[in-house]
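Each of the next two complexes has subunit A plus one more chain, namely subunit B in the first and subunit C in the second.
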Partner chain A sequence: MAVADADLSAAPARPRVDWTPYLLVVPVVLFLAVFFLYPMAQAIWLAVDDPAGGLTPAHLRRMAADLYFRPALRFTLVITALAVPLQVALGLAIALLVHARFRGHGAFLYLTALPLGISDLAAGLIWLSIFTERGYLNALLQTLGVIAHPVVFLTLERPGWLLAAIVAAEVWRATAIVMVILLAGLQLIPRDYAETAAVFGAGPWQTLRHVILPLLRPSLQTALIIRTILAFQLFATVVALAGRQVPVLAGEAYFWYALYRSPQVASAYAVLILLLSGAVTWVYLRGLAPRAGEGRA
Partner chain B sequence: MRILSACVVLVVASLGAAGAGVSAPAPEVVFTSNQLTPIQEQEWARNTLLARFTQETGIRVQFVTESEGPYVDRLLAEARAGRGTIDVTGTLHGIFPVFIANNAIRDMAEVQRRLDARGDRTFFPDLLRVARMEGIQAFVPWMQATYLIAARKEALRHFPAGRDPMRMTYDDLLQWGENIRQATGQRRVGFPVGPRGLYGRFLHGYAYPSFTGSQVKRFRSPEAVEMWRYLRRLWGVTHPSSFVYEFMSEPLLLGEVWVAWDHTARLIPALRERPDDFVVLPSPAGPRGRSFISVIVGLAIPRTADNPDLGERLIEYLTRPDTQVLTLQGVAFFPVSPEAARATPTGGLKVVADGVAAQAGARDARTALLPVGLGARTGEFVPIYVDTFRRIAIQGEDIPRVLNEQAAKLAELYRATNAPCTPPDPPERPCVPD
Partner chain C sequence: MTLRRVAVYAAVLAIAAWVALPLLLITLAAFTPREVLYQWPRPLWPSRFSLDTLAFFLRSTGVWPATLRSVQVAVLTIALSLALAAPAGYALARYAFRGREALQLLILSVKMFPATVLSVPLAVAFIRWGLYDTVVGVAAVHTALSVPFVTAIVTSVFAGVSYELEEAALTLGSSRAQAVLRVTLPMAAPGLAAAAIFTFVLSWNEVFAATILTLDRRTLPALIVDSVLGAGAPLPFRFAGGFFMVVPALIIIFLIRRYLLTLWGVTVR
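Moving on, here comes the complex of A and B:
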């Protein structure tokens, strides 16, 4: 706008459209169109395209009739419901801790942000080496004399353990991103608010509950949206720890493409993930929208 | 306007610079495959196998290895586009019908004739027979493999008394697992049931033909019901982590598993690391013989190849007896020419070679081939068997009901593709369960 204003003042007699802002946006729009919108449209098209011509629900039906479909949907929702709240709670706790700037908070920040640099498959393999029968956990428990024989944790015969291992790996891997978003949000809140609250006699808990958290709502919203969408795409960690015995939606999309060589059904799964992500984003945007009187920090 | 002209100048200048940089590039051949995909095998292929070819000829090789889906799609996309980058491709014989159906590869008969004329190598005749499809020679045989049982030597102490491990039956295997479980309290038999594990091959190529004499035709026969009862019991002595295993060498080395069935190439890391600790045994025999799968990998030149001549030179190198021995040592795929097969391996490879010989040479041996002719739907074949296993052995569903439902899927797949039966089933078309 500054450029446009400058132009207007320089040539008031001949106002003309300044294309600079549009030109600046063009690369991003092109990028989004080529790498996001086009593949998305193609995926939707593949999921309903009938090779004989026209549209067909056959691929969607095939997906729904698949042996792994219901468990995949169930496990994806269960893992998301368990992991995301844990990640947000932990991420918030760490962010508040770092924001308090205790001695050594810099080193602590680096340590907690470390998993950000590790791919999800690598994270899965790291946790596999902990939980497998000859893994670190069993070795530790045996050395401490807690157990006589190694315990097989990663088996459907112990579904609770299996899910716990997956959630633990997922929380370890992805809490850092929540923490970073929330920390950035915290740093945007002026210290005056907390100080004013203290003047009126608010304790730390009250300050957090009535001042910090409402002001942090936009960051919480972002963190929740990102984490939930990524949880729907969860795949490599689960495959490393549980194979296909704990099927998840993104994994099924991969298996239908790579194992069964059916891009149509794989696309149907992709479209389902897209719809779920869209629905959840809408819920978060509605549910966590800043209310009247609350400024966006 | 000034920005635009600056951009144009920049683009032209960079094009010119790029042009100046390209001064007589070294010839390069692009080689794609869905084999040798594990990282160690890729490393070995690039740094040893193909590096030697480059050293000898000065031709660089760009080796692209991918899982089956993307691999097939890439080649077919090039065929459809009418121009391509792939000069040579190497894959399982069961995938070639897809290429032929899409008119994507050349008839290799001419290349084969020139190779035969060299006089420094021959090919096993039955492999050449398998290479002939739809009136052309689809590929030049490259390597072959099979699946076997590897066991830690200490496990042999628990082998059923009075029985011979080299002539193991399915009952022996179950009893063996049971004996180990009683002695140790652990389930030490292992199968690669992980997502990219090859357990499906065990079901359709080993268990089914050994129990029913068929892969597809007798899918829901009374013998098949018997077999699934057996497999349920076998799962009871199988290591509960089997559904994460994709390569059995790791659990064997860790000692999680004492007796494992897998592809030779996926067992060899364990055998190579500790050849004295393991034995390799033939797959078990059932009421209808000792069935095993023979995996055949072939080389072909796509129709759209840019450098078919360079491709042919690479094929000549890869099928040379010396190279075949190198391949056996590197990745435990077996030679396709008798000249190379005569070279005696040592260490872990000797252990495997003995197992392969005992399996192929058994009196009751029965070879099963991978399905052919399912075209783009080839990938749906194995999951039908693995899903059946999941429903029966893990979810405990009623066997005849599951077999009826799964047989209907198998029948639909074969009817839709009009594919023939593969051995040991009779060569009917379409191959439909009775």
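Moving on, here comes the complex of A and C:
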């Protein structure tokens, strides 16, 4: 990076290898080896380990044969497919608004960044106060004269409402992360690019489509990867709003570990999440990689 | 006012309402008398406010010890993360060395594969290592989860402190370590404080790892999840709990608003 390069040029010919940086990074590398690399390997091993010795597909089969497995996989993917595009669209809109520097943009940035500090659990509980039987939504509908009796939204009888509540809570909470990543990316784009486009007669939409978005691609990629992978880890929001009525992959990992006392099947779920995350990262990196001769008419 | 500006302000107001309204509503719920929460028809704006919903939450079994434990875990996480990330961040900001990119990739991958994948195997290992159901155990996992963010911010903070000042101290006869301690660290202090505060939020909010890695000694989020799933905690408990967890976040995001972009604005390549 820029600073390190500057340092190199300041000391052009170093006779021996300087061991200082290695000593400085040893602690963090050792720590991550124990608390990140080791458990990752351990998760894979637990998922296929046969107590009698050797490897076995039994735990993976048990996971796949479980009644909750298919719904958990389906709900996780559906929620991701609904929430992530909404988060990216809304996050982009907020980032562009803040970047446009209207009066009061500082306060707007702070307000829209607030959910960054709010946990998935708290977000779930906040939206529970809206969607529960005696919640604000029912109170509003009753005040407007639409309903006479409270509607039970968060029940399997109304899967659409259950999903809507979860997606609303997730979009509300996690759009802030997307917004901050995209805003940081926007600020790296020199302002003259957009001005030049305007000089050549491009309207705001054309500038956004042909100048800003292509230059924003790395940030969009990061935001998509982080949000999709974190959506696969969805747990507390769902627990707060739906309990186990809406099973998700991370929730099943929890239940298999804490309720059924099977670290092996829980690990099988963890490995499945790991594989999905890896696959999604690969697809985003390939699919959104800048193409050669990128000018894009 | 042009049409364009009207559109901008309309969008700003709509989005601001979308973010702010749920926060207002949970605050309202936390100060609504308990019996009103179950009342029908339920008024949109409660006719009176009371502290008994919050008092009920705070008096519930285990809430205070869990809160205290959450703070202990967070403080320990801050100490561990800074101790690990500050030297690494300094190295990344000041040195070009072989393996630098690999290190950055390792740190970035932690950001992308967090709690779920790590917790289950660590729970198994922690039982063996005697770390299961301990503050230290949870703090260790929270440290692994927050190291990417702390390293990113520390790197950019050190990069922002001009190297010339450090060199000046060196020519005046101090050692490199002295120069860092006396010159660079004091100038980096506000940025490091922001990193510490952000680490507090991460740890204070983390649910999954804390739930898996503890049994009796729950952190606050783990206790709430447990009482919702296991005991079907009553609504006032849930709303007051949600509000109680949000308050520190509001203060903290305000304190570190200048650094928000540095924390997250790191691209994958």
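FYI, the second predicted complex is superposed on the first by the 277 of 297 C-alpha atoms of A that agree within 3 Å, B and C clash if a C-alpha of one lies under 4 Å from a C-alpha of the other, contacts with A are read in each partner's own complex, and residues count from 1 in each chain.
We take it that contacts are C-beta pairs under 8 Å (C-beta built on N, C-alpha and C of every residue); 3 or more make two chains touch, one makes a residue touch a chain.
Everything quoted here is computed from the prediction, not taken from an experiment.
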Subunit C versus subunit B on the shared subunit A, clash or fit after superposition: clash
Subunit B versus subunit C as contact partner of A:193, first or second or both or neither: neither
First, second, both or neither for A:161, with subunit B first and subunit C second: neither
Subunit B versus subunit C as contact partner of A:245, first or second or both or neither: first
Partner touching more residues of subunit A, whether subunit B or subunit C: C
Partner chain(s) touched by A:113 [first = subunit B, second = subunit C, both, neither]: second
Touched partner set for A:138, first subunit B, second subunit C, both or neither: second
Touching partner for A:177 - first (subunit B), second (subunit C), both, neither: second
Partner chain in contact with A:39 - subunit B first, subunit C second, else both or neither: second
First, second, both or neither for A:128, with subunit B first and subunit C second: both
Candidates 59-67, 113-121 or 185-193 of subunit C: the single one with C-alpha clashes against subunit B: 59-67
Subunit A residues contacted in one complex by subunit B, in the other by subunit C: 128, 132, 134, 149, 239-240, 243-244, 257-258
Touching residues (chain side subunit B, partner subunit A) in the complex: 67-70, 72, 185-186, 193-195, 197, 239-241, 243-245, 254-256, 376-380, 382-383, 387, 390-391, 394
Interfacial residue positions of subunit A with respect to subunit B in the complex: 67, 128, 132-134, 149, 152, 154-157, 239-245, 251, 255, 257-262
Residues of subunit A touching subunit C in the complex: 1-8, 10, 18, 20-25, 27-29, 31-32, 35-36, 38-40, 42-43, 45-46, 90, 93-94, 97, 100, 102, 104, 108-122, 124-130, 132, 134, 136, 138-140, 142-143, 149-150, 172, 177, 180-181, 183-185, 187, 218-219, 221-222, 225-226, 229-230, 232-233, 235-236, 239-240, 243-244, 249-250, 253-254, 257-258, 263, 266-267, 269-271, 273-274, 277, 281, 285
Subunit C residues within the subunit A interface of the complex: 5, 8-9, 11-12, 15-16, 18-20, 22-23, 25-26, 29, 37-44, 83-85, 87-88, 90-97, 99-100, 103, 106-107, 110-125, 140-141, 143-144, 147, 151, 159, 163, 176, 201, 204-208, 211-212, 221, 224-225, 228-229, 235, 238-239, 241-242, 245-246, 248-250, 252-254, 257, 260-269
